[in-house]
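Look at the two complexes coming up: subunit A is in both, with subunit B in one and subunit C in the other.
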Partner chain A sequence: MTATTSADARQTPPDPVPGSASRRLSGMLPGLLLVAPALTAIGLLYAAPLVRSLVTAFVGADGTFTFANLEKALEFYGADILFSILVTLASLALIAATSIAIAGYLTLGQSRWAVPLLRWMYRWPLFIPFIVAGQTARSFLARNGMLNTLLADAGVLDAAAAQSLLDWRGLVLTFAWKQVPFVTLLLAGAMASLDRSTIEAARNLGASRLRCLFEIVLPQVRPQLFVALVLSLVTLLSVLSVPVMLISGNPTMMTAMMAHRVTYYGDYAVANALGLFSYLLTAAAAWAYLRMSLKEKANP
Partner chain B sequence: MNIRIAFASLLAASALATSVSAQTLNVVTAGDTNMVDYINDYLGPKFEEAHPGVTVRAVGTGPGDGGSQAIFEKINAQKDKGVWDVDVAVVHQRMAGQMVQDGLLANYRDGLATSKLVTRETAENALGVNVSGYVMPMFHSQIAIAYNPDVIATPPQSYEELAKWVKENPGKFGYNGITGGMAGVGFVFGWMYAFSDMADEIRNGPWVDGAADKWTPALASLRDFNQSVVMTPGNAGTLDAMNRGEIAMGPVWMDMFYTWVADGRLNPNLKLMILSPGMPGQPMYYAVPAKAAQADLAKEFIAFATSPAVQAEGIVRRFNWFPGIDPQNVKSELTDAEWNRLFADVAPETLAERGWSMPQAKYFAAILEAYEKNVAK
Partner chain C sequence: MGTEALSLEGVSIRLGKTLVLDRISLEVPAGSFTCLLGPSGCGKTTLLRSIAGFAPLAAGDIKVGGNSIATLAPEARQTAMVFQSYALWPHMSVAGNLTYPLKLRGLPKAEREKRANAILSLLGLEGYGPRAVTSLSGGQRQRVALGRALIIDPPLLLLDEPLSNLDASIRRSLRGELRRLQQKVGITTIMVTHDQDEALAMADRIVLMRDGQIVQVAGPEDLYSAPADLGAAQFLGVDNVLAVAPDDPAAQGATLVGFRTEDARVFTDDMEHPDAPALARKGKVTTCAYAGGGYQVGIDVAGESLSACSARPVSPGDDALLSVPASMLMSFDANTRLLQGIRH
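Let's look at the complex of A and B:
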C-alpha cells in the first residue's frame, strides 16, 4: 500500500491540497526576507524618485497635467539636448578607437617592455574622480594652458594662434580620458580569454597584426565592447562636474542645464522635463544592452 | 556588586547632568565650504568658549542660491512639526524674502544687542521683500571688474565705455555668462541697469507683466557685445584666465579676488573697479526659523557673530568680505593698513555710489530667462 502510493506520487504530480500554497510561501520566506532589503532600497531610493521626477515633468504650476514643461525644455535647451547626444557619441567613438588600440596592443604586442608598461599605466584614470579630471582639464586645455604652452615651447604651435579647447573638444577629450581605462579593462580581459590558436593560425598564414586585430580578434569580442560602451554612455550622460567646469555658456550638457534650472529658478519641473530626455536616451541604451545579454544567454 | 551599583548611578547622574546643560545649536548655512569652515573653525569654538555646555554644529547646503533653496526645502518640509531642527539659517537674499513671506522665519532682530549697528538698506529690504526685523546681514560681498593695469592703463569706467572698448579690443574681456556663477550673472544685471531704462523698477519693483519685452534692444546689444568677449568657465575661471594672461579684464567677486591675492594665487598687480551706473552686490543673512528649538541661544549666537570684534576678525581679516554691520563700527577694530586694503581700489564713496543691490526676485529670474532666450542661443 505504501509502495503503491509512493509510486503514484512519482508518476503524477500531487494534486494541490489545501495549505500547499501557504507551505510554498513559507518555503519562499527566507528568500523573500533576503531580497527585501535590496528591493526596498531600490524601491525607495531609486524607483520612487524616478517615478516622482517623471510625474513632475508633466505637472504645471497649478497642479494640472501639462506638456508646457517639455515644450519649455525643448525651446530653451533643445540645442543642449542635441549637443549632449553629439558629444556623447563623439566621446564613445574616441573611447572605442583608443580602447581597441590599447587592448589590441596588449593582446598582440610583442615588445618586452612596452606591453607591461602600458598594462601598468592605462588603468590610472580609473582611480581619478570626474571632478578631478575636470579640474585638471580646465587648466590643461585652456588657451594659455599647459598643452598649448608645451606645444608652443616645442615649436609646434605659434603661441599667438593658440586657441582654447574648453568647448566640445575638451569635453570629448576629458570623457575619453576618463572612460578609456574602463572600456579597455573589459575589452583586454575579453581578448585575453580568447582561444589564442585562432590568432596564431592567422599569424602563421601571414596576416599582419593589424589585420589579425580587425578580422580575428575584434569580431569575437564585439559583444563585450558593446556592453562597455553602453555602460560608458550612461555614465557620460550623468556627469555634471566636467561640463560645469569646462563649458561656459551654451550649448552644454543637459546635466549642467538641469542644475541651472534648479539653482537659479528653483524650477524642478523643467529640470525634470530635461531629465526625461536623459532617461529616454539611457533607456534606449539599456534596451539594447538587455537585448544583447538575452541573446547571449540564448546561445552561450 | 556595590562598585557596580555606584558606577551605574554615577553614569546615570552624569547622563542626567549632560541632558540638562548640553545644548546643540544647529547652524545650517548656504555657500561654499568656506562658510562651514568659518563656523566650525572660528565662530563655533569662540561661542562655545563663552557658553560652556553648548555645542555648535554647522551643516553646509551648497554654494549659491541652490544652497539657500536647500535650506528652504529642509525647513518647509517640517513646517507642520512643533519644533524644527534648524536654529540659525544663513541664507541669500532671494530665499530670505521668500521664507519671510511664507512665515518660516522669526522676527528676532529687535532687542538684539547689535541691531543698532546695521545701516545697509539690504537689512530692511531683500530684493523687494520687506525683511526688516527678520535678518541680520552676516557680510556684504560686491561684484566688481578686475583688470590688469599693465595691459589697460585707463580702464573704461562705465558700461557704455566698456561696450565701446570691447569692440576695439576683442578677446580682452572675459566673463562667465549666466550659467557659471554669480559674478557673470551680476555683470549681466549691471548691463540691464545701464541699458534697460528700468534700473529702478528692476531693483525695487513693482513687477510689471511683460517687462521683458522692453529689454529687446538691451539684450541685442549684449548679444553683440558677447561676440567680442571670451566666455570663461565659472567665477574662478575668470580669475584663472586673467592669471594666464588670456584676458585683461573681467567681473569677479571682490572678496574672492582679495583672498586669491592673499593666498598668492593671483597676480597681485591686478586692480579692481566698479562700472557706473552700478554693479550688484549682496549680503548673506543670519536668520532664525520661526520654530527653532534653541531660539534664544540662536539670538545670542547672531549677536556674537555680528559684534564689531567678530566682524573685524572673522569677516574682514579672514575672508576679505565687507562687514555686515556698518563698516564705521568695525574701523576701530582694524589696523589702518587693513582698513586701507579693504578699500584700496574702490573707495568707500564709490562703493556707496556704485554698489547696487541685486534685482528684485521676479526681475532676477526674468532677466536670466530673457538672457537664455535672446543672448545665449
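Let's look at the complex of A and C:
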C-alpha cells in the first residue's frame, strides 16, 4: 500500500512550470469536445427536466418551498403508493420465479425438442407493446373473458362462479408476461456463459438438475438476475397503459394517478410529488444493487 | 463404497456426424491405475465423459462391478471426475467445494467438516478451508479438485489431464503424490493424458488410443519396449525410422527399423568406435545442439535425416558414424506391425 503511494507520488511531481495547468486543460480539449454532445443531450433532455420536476414537487402555489404537495400526495394517494409497491414486488417475484424456471430449463434441460421450442418461443412478448399486452390481458382476464370461458368449457370452473381477474392479479400477470422474456434473456445468456464444467462437476458428484440450478447455477448468475430485476422494476413503475386499461377505480398504480392528476386537474405539483416516490423506490433498488456488487467485489 | 472394476463393451459414440469412439472394448481391473494415452483429438476425453454419463452411447454397454450404468443419469453413476479445467465452484470456499458432495449425500455438518479437514491434510492444504477458491494457485486448485472427488470415496476415479496445466516441478511432485494417494485409497483410477512420460511413470496399464480406437493395452515397460506398430512407436518417442539394409541386426523379415534418439550414438573419425553388434550408418553431421548433459546431433544419411546423441560436440559438415546397439532396435514388417521390440 505504502509502496504504491510513494510510487504514485514519484510519477506525478508537483507542477514545476507555472501555466502547465492550462496546458493540461488544452490537452483535455479533444476529449471534452467528443463527450460534449452526449453530455449536453443528457443535461438538457434528462437531468434538467428531472431536477425541474423534483423541484416542482416542493414548490407551493405561491412559489415558496413547501411539503404540502408531498402531504397531499400521501393523503390522497397513500393507498395507491402502497398498492404500486405491493403489485410491483409481487410481479418481480413472479417474474424472477418464472425466468429462473425458463432459463434453468434452457440451460439444464435435455429434451431434444422442448428446449429449442422454448428457446424460440419465450422471446415473443418482448416485441409486443405494453398497450397491446394490456388490451389482450383485458379481454383474456375479464369475467366473461377467454380464460374463464376456457376453464368453464374444460369443466374446471362453474361459469356462474367466474370472477374477473381485472384487479391486482391482472396487473401482476400482465406485467410478468411482458417482463419475463427480458429477464429470461439476460439470465439465460448469463447461464450460457458459465463454465459448463462447473455444472457437470456438480452432477458428476451427485447433484440432481434441480439442485444444480439452485446451488450451482443460480448463485453464479445472481448479479445478472438482480440487474434484470432492477431494470424491470423501473419499467413497471413507469408503465401507464396497463393499469389504465386493466384497473377501473381505486387503488391503482401511481402512474395512472399521476396521469389523472395532470389531465383532470393540471396539478403538476402533486403529480411530481407522486413521481418523487417512484424515484425513491427505484433509487432504493439501485442502491441495494450497488451495495451488493461492491460487496461482491470486496470478497469474490 | 469400495473399489470396483469397470468394463466397456463395444462402446461407440457419435457426436454430431462424426463417430468419435468406434467400438471400444476395455476391461479395467478393480484398484488399478489405467492411463488413456493418445494424440490430441483421438477421443480420450470423450471416453471419460461417456463413463461419467455426459456422452450418450450410440452402441455398447458400460458396466461397473458387473452392473450396467449406461442408462443412468450422471448423478446416479457414483463416479468422480476431475476436470481438466478444475471446475471448482467459484461461489464456494475451499471447504464449501469439498463438503458439497457430502451435503448432497445428506451427511451431518459435523461429519462433513471432519472429512473435509482430513482431506485437506491429506492434500497438504491444512488451514485453507475458509479461503476462496479463486484465490488459490493452479496447483492448489488442482488438489482441491482432486480432494472434492476423493471425499465421496467413489468406486471409480476419472481424471482428465489433471496435471497438464501445471508447471514442471509441481507436476512432478503431484505425479508422485497422486500415485501414492491412489495406492493408499486403492481406488480404480482412469487418467487421461497425452504426455507419454506421465503415463509411463504413473500407470499400471496404459491404453493407447488413435482415431477413436484402442491400438494397444499394455504395462508401461511393455508399451515402451514393444509398441504395437510404427504409429504407436512414433507416438512413444521412436523418432528415427530406416529401411532395413542386408547386414543390419534386425529381426527376420523386417523391412523397417526404428530407434529412439537417446539410444543412438554418433562417432567422428577421432573417436573410438564400438565393437558390439550394432546398426551402423555413415553420414554427415547437419546440426549439433546442447541438450543438457550431452549433445543432440542431426545427421544426414543418404538423404534421410536421423538424430543421435554424442557426449562431445561435433561440427556440422563432419563425416560421422551413427550406431545403435542391436538390442535397442525395433523391427517392423511391411505393414508396419512390430516384429521385435527392444530387448533389455
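We take it that the second predicted complex is superposed on the first by the 273 of 300 C-alpha atoms of A that agree within 3 Å, B and C clash if a C-alpha of one lies under 4 Å from a C-alpha of the other, contacts with A are read in each partner's own complex, and residues count from 1 in each chain.
Here is the rule we use: contacts are C-beta pairs under 8 Å (C-beta built on N, C-alpha and C of every residue); 3 or more make two chains touch, one makes a residue touch a chain.
What you see is a predicted model; the values in this text were computed from it and never measured.
Chemist: When the two structures are superposed on subunit A, do subunit B and subunit C clash or fit side by side?
Modeler: They fit: once the shared chain is superposed, the two partners occupy separate space.
Chemist: Quick one: classify A:Phe67 as touching subunit B (first), subunit C (second), both or neither.
Modeler: neither
Chemist: Between subunit B (first) and subunit C (second), which, if any, makes contact with A:Tyr46: first, second, both or neither?
Modeler: Touch status of A:Tyr46: no partner.
Chemist: Consider the C-alpha centres of subunit B and subunit C from the C-alpha centre of subunit A, and write down the angle between them to the nearest 10 degrees.
Modeler: Result: 150 degrees, to the nearest ten.
Chemist: Name the contact category of A:Ala201: first (subunit B only), second (subunit C only), both, or neither.
Modeler: So A:Ala201 only meets subunit C here.
Chemist: Going by the contact rule stated at the top, is it subunit B or subunit C that touches a larger number of residues on subunit A?
Modeler: For subunit A, the partner with the higher number of touched residues is B.
Chemist: Please work out whether A:Pro219 is in contact with subunit B alone, subunit C alone, both, or neither, and reply first, second, both or neither.
Modeler: The answer is second: A:Pro219 touches subunit C but not subunit B.
Chemist: Name the contact category of A:Trp287: first (subunit B only), second (subunit C only), both, or neither.
Modeler: So A:Trp287 meets neither subunit B nor subunit C here.
Chemist: After overlaying the two complexes, what is the shortest C-alpha distance between subunit B and subunit C, in Å?
Modeler: 48
Chemist: If I apply the document's touch criterion, which positions on subunit A are contacted by subunit B in one structure and by subunit C in the other?
Modeler: After superposing on chain A, no subunit A residue contacts both subunit B and subunit C.
Chemist: In the complex formed with subunit A, which residues of subunit B make contact?
Modeler: Touch residues, subunit B against subunit A: 64-66, 69, 176-180, 185, 230-234, 237, 240-241, 244-246, 365, 368-369, 372-373, 376-377.
Chemist: Looking at the complex, which residues from subunit A come into contact with subunit B?
Modeler: Listed in rising order, the residues are 76, 79, 138-139, 142-145, 164, 166, 244-250, 252, 256-257, 259-260, 262-266.
Chemist: Spell out the part of subunit A that touches subunit C in their complex, as residue ranges.
Modeler: 195, 197-198, 200-208, 211, 215-216, 219-220, 299-300
Chemist: Show which residues of subunit C lie in contact with subunit A when the two form their complex.
Modeler: Checking each residue of subunit C against subunit A gives 52-54, 73-75, 77-81, 83, 85, 87-91, 100-101, 104-105, 132, 134, 148-149, 152.
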